[in-house]
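The next part holds the structures, each set out as structure tokens.
Presented sequentially are two complexes of chain A, the first with chain B as partner and the second with chain C.
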Partner chain A sequence: MTSPAKADPDVVVPPRPRPRRGVSLLDAGPPIALVVIFAVFAALSSDFRTVGNLQNIMDAAAVLAVVACGITFVLMMGSIDLSVPGVMGASAIAVALLVANNRNGNDWGLLGILVAILLGAGLGLLSGMALVSLRVPSFMTTLGVSAVGLGVATLMFAGVQPNIDDEMLHGWAVHRFLGLAYLTWIAVGCVLVGWLIQRYSRLGRYAYAIGGAEEVLALSGVKVAPYKVAVFTLAGAFYGLAGVMVTSQLSAGLVQAGKGYDFAAITAAVVGGTLLTGGRGGVLHSAVGVLLVTVLTNGLVQVGVSPYWQGGVQGLIVVAAVSAAVLPQRRRNQVTK
Partner chain B sequence: MKSISRPTAAAIGLTLAAAALAGCSEEAGGTGGGGAEAGGCAPEDVVLVGQVRNESNPYEAAWLDGGDAFAEQVGLSQDRLTYDGDSTKQQEQITQLLAGDTECLVMNILPNGDSDTLPIVEGAQDAGAYLVTQWNKPADVNVTDYSQWLSHITYDGVTSGQQIGDALAEAIGGSGGIIALQGILDTGAAKDRFAGLEASLEENPDVELLDQQTANFSRDEALAVTKTLLTKHGDDIKGIWAANDDMALGALAALEQAGRDDVAVVGIDAVPDALTAIGDGSMTATVSSDGPWQGGIGLAIGYCVATGELSVDDIADEDRAWFAEQFLITGDNVGDFTSPEVDAADFECDNVFSRSQGAIS
Partner chain C sequence: MSTPVIADPVANPAAEPAVVTGAPTAAQRVTSFMPVIALVALLAALTIADPDFLTQRSLTAAVRTSAPLVVLAAGATLVVLCGGIDLSIAALCSLSTVFFAMWLPDLGGLTILAVVAAAGAIGAVQGIAHVVLRIPSFVVTLGGMSIFSAIALVISDAGPIRVIDRDATAWLNLYVAGYVPMSFFVAVLVVAVVSLVIKLTPLESFVRATGYSESAARLAGTPVDAVKVAAFTVSGACAGLAAVMLASRNFSGSPTMADNLLLPAVAAIVVGGTAITGGHGSLWRSLTGALVVTLLRVGLPIVGVPSAWEQILYGAIIVAAVALTLDRSKVLIIK
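Up next is the complex of A and B:
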């Protein structure tokens, strides 16, 4: 019998999460990258550094910011969420059919928006339940829920595009307050709410802890499953709101409303410093990532990079930005996979 | 023991798969060369099948409605098949169809992509079913090499791109700056349509292309791209050329949010929302391929050959793979297209090739 005190030297003990004090060097990477990219574009293009374009960047970032808020909580737990296209599609069509529209006589106004967000939350709940009760990895459950959402959306779509006539919802995209569209202020509000949940609620703190060391949390007597379900539900609600926002912008409910937002949001979160392995980053990190990605898209158009080159150039800059952002933590020497 | 060991399960799975594959190929081979030479089906024995991606797309739903209209005209009914834009599902449906009675089977097919066309064609050739395909075909595959593949119909993207380019130039008074929203850059449709715009720009030297960006045929992406271009070029933009209507509608939303109502917008495809926008004057022009006609014409060609009214040998080579006529829709004629109807005369056997704009070069 070996002595229990003799530790196996091959077992790598994960470093204990350090207490977070103020802004560490690790958190400073993405904001610095944002400032650098911004400065480069501003120097290259006089069109880029106008007030109008700044407003445009903020407006363009709105939907992605809301999606990123939701997905950040899932990523913090170390799970992944690919349900965005389905959830956004379902809520986009649902809201278009519930507010005043050209398909039916509904005119639910705010209540319709609320129902669409709840539908998103419901689909998120489904992802979470499948994850904890069937023990299917989040990658698969959320992919399945995305298909379910798209299916629901296609059924409701029924061959005729619903166009919204609702003045309020349409106005969110058109009317401005302090230079920014209402939708942009909604996104700012989401980031704020997301940050408060992450920082001050048990849900947010447990999401961190689950991503950091789920076993430890479970061993200390915390029932992890309900928090996982709650996180997916919260994320679904954010996606639902994002679907509503796309509908507001396009004045029409589209099944494809969320196309591409899943990977855009994951990219933004990772660029901002939220790790796919969980336990790190947060809503504010992801918000910086969203701005970085949006500035990049906008800047490449403004400086006049040919569309044939943009995809490739954008990819290269994202990879460069991520590697610059994770540079300070290279010494943690995590396995890259 | 409640579970099977992994190697056993794998072996069983492989055996099943092999059996299934063998079954398929036997069925396909068994009926090979069936009614190829016949051409003498009784009209009531003809089976009409229309297959498109999905009915949630208004254009493709209208296509199938056109097929129904033709079927009704000859006292038959059409099987409406959809494959959700999934190539595998499309091939499965075709295999199932061809495994049944194929002697008087007429198929009007929208292949999902270029590479999906050849398996469908070879299946139909072996089974002796009559086939007409539309839109997608690899350039190096010749319709004339097959006796059951009666015709391939598509549309010249260069022409449509030029038609809306000219309409846009006219709308802005022949001079001024425009921006272009391209489709998915590596698709033939996007390339051809943009080549059409370039041809139009040569004809209209005072129209200047300020910028061109891709929005991947997407309404949502077009919104963001247009907003960016509006901040970049501001009031210099007099018109927006979009390679499809979805992007044109996205551009319209961007213009509204920017408070601009002095910009002309054109697109292609004639989706219902675009027709509405043209009707109320917010959009300038679009181009229609006439979906209901497409749904009817493929069945009509097959029906004519199956019943012997037309013979494959008598169809001229330039009618085996051809560009069909497309229609520019502006505020003047939009009323004719908001509820499209098929004209029975278009589907008469000596009329089926009347919309040809020439062979595909």
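Up next is the complex of A and C:
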């Protein structure tokens, strides 16, 4: 704070722009909350504050982190993505059928994983195309694409569960490097890649801009539609990888591989400071949010709360976080749909 | 989701004037009859595929299956008419089946009323959260969906609860005039009563005004917040009634019983032709939509399509129907 008495009377000191203080709270809040929650659980439960449990938390956060990376880009645009369960289910079954498994003679290895990720990207592309060409709101298109993905997964599942025999894919969940499973390092890599895309690529910058003020961007001569489609495709690829990771963890392909991840990822992103209205937050914010959600889930179980409450706690957090975020504009924003 | 409402018609010259009562274009007329056309076409197609389909017995079975879906879709239609969306209906319905199974031994015949009232109250809480906290309805109800599932899992211990006393709901399994299943009769009755109440009171203009242009409705003195809370309350109560129907048919309550009804219910609403942007539509349309969805569900196995295609079809239908009925003049930016 500059004291007004010392200021030169001729120089008008511009008042510090107010939104910035809000943003800094938005940026600093989640990490502080993470530390506080971590400290509380560490004080409450002796099982919580062990190195083994810390590894558990990091490993449990891996899949969610990858999903959150994808969904963050969509949320930054101000859209929403409910297609996670369908995309993850489809890619989980696809990868289980393409690597060495008990259902067919395929042994595609890494190529199979790549195909599964591309399938996820394809479903994301479908959401994006429906959004920009049919002009259907994203929560409807992605709800539809989720159903399509689940249908595709069920078709491929065909009543017999594919168990994977692929050593490499199975090893991702088992082998450890520096105390963490390979999957966790993949998730760390995804967060890094996501951050680089968000920070340094045109796609990431425009995703921000679309969320902030799409009209302005469109009036500036930017063709918005291809970037929207690209963002949904990128998000689909992340979900595809997440589906592969779940298959690696379970050693089997399940249609329900992505159940609940959509909501958990939205929770993580919102708690981390990515606003549903778009234009704020980012991959690193969401990564903090993922840790918050995972620590909370783990900690509540450690202190003896039924794991069935998990979804309920996430629901409360989302509603609370969103209402806290819209509180400053409450008077201005009269129309909420 | 922010869907900016056009304040200035000049900003979008392609937009139609906001007058609703103008003569509909040919395309609009066809679109407005689309659900009925789809229903008749489906019936015809299924009859061709299997001549036994158009018999009294199979039709009775089909409408009986559709009853919970009709009630669920009808309730949520009100929320959609106000311009919102209720994604929590299926989870609330599941929770209500658990309530029903748990309360039946103590409350006996009053359980039905208690469940409907409880579900209505829960719906009202969501509505209040939506209007007071000013959170988009799909966020509130998405959160609600997650919370209700959790509560249902916890109080039921994640398993089905059997309904031993079957007398309380035996009447739902009767037939009106020998042919119409009672549950379907009740469903149609709900649609008729709610439609009539809306039609005969100022509620119709309140709901439409809220859906077509919320800010204008607010300036004109429409009790927008009260209308929205009421819509969510009815939506919740309908979910409770649907739960009673489901529980009486399955003789149990389970925390996931109705979870797979969300997509069919949303499909029924949009296939019926109710615009997801609000204002345009009716409960009768959702009744037709629910019948179309049920016929699809019953009919796919008849024509030999694996049931996995059902999901894919729902997805495609939802997107296509929304694309056809969306009021593009109202939404400048599609998020």
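In the analysis below, the second predicted complex is superposed on the first by the 281 of 337 C-alpha atoms of A that agree within 3 Å, B and C clash if a C-alpha of one lies under 4 Å from a C-alpha of the other, contacts with A are read in each partner's own complex, and residues count from 1 in each chain.
The rule is short, and it goes like this: contacts are C-beta pairs under 8 Å (C-beta built on N, C-alpha and C of every residue); 3 or more make two chains touch, one makes a residue touch a chain.
Computed from a predicted model, the values in this text were never measured in an experiment.
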item	value
Contacts of A:Thr297 with chain B and chain C, given as first, second, both or neither	first
Which superposed partner A:Lys259 touches (first chain B, second chain C, both, neither)	first
Partner contacting more residues of chain A (chain B vs chain C)	C
Contacts of A:Thr154 with chain B and chain C, given as first, second, both or neither	both
Partner chain(s) touched by A:Val246 [first = chain B, second = chain C, both, neither]	first
Which of chain B and chain C A:Ala237 touches, first, second, both or neither	neither
Contacts of A:Tyr308 with chain B and chain C, given as first, second, both or neither	both
Touched partner set for A:Ile113, first chain B, second chain C, both or neither	neither
Touched partner set for A:Asp47, first chain B, second chain C, both or neither	first
Common ground on chain A, meaning residues reached by chain C in one complex and by chain B in the other	154, 157, 308, 310
Contact set on chain B toward chain A in their complex	54-56, 58, 61, 182, 185, 211-214, 218-221, 223-225, 227-232, 249-250, 253, 256-257, 271-273, 276
Interfacial residue positions of chain A with respect to chain B in the complex	47, 50, 52-53, 56, 59-60, 154, 157-161, 163, 173-174, 181, 246, 249-252, 254-257, 259-260, 297-298, 301-302, 304, 307-308, 310
Parts of chain C lying in touch with chain A, wherever the complex brings them together	1-3, 5, 83-85, 129-131, 133-140, 142-147, 149-151, 153-154, 158, 214-215, 218, 263, 266, 270, 276, 278, 306, 308-320, 322-323, 326, 328, 331-335
Residue numbers on chain A that touch chain C, as the complex places them	77-80, 86, 130-132, 134-141, 143-148, 150-152, 154-155, 157, 214-215, 263, 266, 276-278, 306, 308-316, 318-319, 322-323, 326, 330, 333-337
